[in-house]
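Would you mind keeping the following structure in view while I ask a few things?
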């Protein structure tokens, strides 16, 4: 019979450098952390510590998908929209907060047999919503065995 | 005094068949898995392994709510929008990716006394965004006692 | 060497009173629960048990950000939109369901050294989408040490 007391947890923080607006995949960084710690089965949680970017699971096959996502959101939440009063940080800042609210900053993924349970075409992305480059912090937590 | 070493975890995968666009409730499948394993208290996580559908918690009382959600999203993200370049998989594919980004593929729910902590009117749905039928895979994980 | 069997879990339910539409921060209530239980490291999960409000992580510095978020969503999902058939609960009810679908009801946050891994400017909010005051229930779960 398997002992039940083998559960453990680990924490980490990823830093994802961005070069302005767009989707930045970091699936391989997450997988490398799993491999380094020999995590087998459990739950992985990621939390983006910012309010002007998002965490997104999206298709990592055709790059047109990412360009179309960016184009759609740029039309839905246009920079410099006169509806916005919060403009002191630039005309792309409030749209970045809205995009963040429309998507997510948070992600929980089961790990099975040492691998993320992502679908075949799924990748994990930081979606940068500001025009300027940033270093985005993602808090990570694993609990399992 | 309660021993603290009774924590355990289990994994599962649900397959939800869809008949094209719309919301498909699978709350009872999730509750049945909880009952089958006698989970009492803990954390349940669901992850949809696709990028053209969503996981949604929504009202399961008036079916008009689901129809209105569908109608609103069809207007917000119209099929065949000329803004999209990714059209090789059909004019409903890129809108499906956008709808997925606007909602979520991921859900974490506390379990208390053997039951999901859903509100009275909340159900768990796969929201199919493609017109064609699909079999949608949802990875599930429980940790608790 | 640290023993590995110190993992434990706790549940709670927050009630957040709202005075109609707008963002209501309850970060300090969550932090107080963590302090009261001496949680050190682990995973905190929050689930809003309603379908006409949201859980949101957003900027807690400039209040204009919250006003702009509200203004943007009021334009994106207008009350009394003739597209909606579900009107029996008031012209602000179906827009509330749509806003809930466009945002999230669910949040998982790592806890490190007794503190939420929120970014410097991040706060946790209930976003009330109905015009009338409500008492919103948020199920909470912690697992860790």
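Letters are used for the chains, namely A, B and C, taken in the order the chains are written, and counting of residues starts over at 1 for each.
The rule we apply is simple: a residue touches a chain if its C-beta (ideal position, glycine included) is under 8 Å from a C-beta of that chain, and two chains touch if they have at least 3 such contacts.
Here the structure is a predicted model, which means the values were calculated and not measured.
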item: Interface composition of copies chain B and chain C: same or different, split at half; value: different
item: Angle of the C-alpha superposing rotation, chain A to chain C, to the nearest 5 degrees; value: 120
item: Distance between the centres, which are taken as Cα means, of chain C and chain B, whole angstrom; value: 19
item: Per-residue multi-chain contacts in chain B, two or more chains; value: 5, 7, 43, 76, 102, 104, 106, 108, 143
item: Chain B residues within the chain A interface of the complex; value: 5-9, 11, 43, 45, 47-51, 76-77, 81, 83-86, 88, 94, 97-98, 100-102, 104-106, 108, 137, 139-141, 143
item: Complex contact set, residues of chain B against chain C; value: 4-5, 7, 41-43, 56-59, 62, 64-65, 67-69, 71-72, 75-76, 102-104, 106-110, 112, 117-122, 143-145
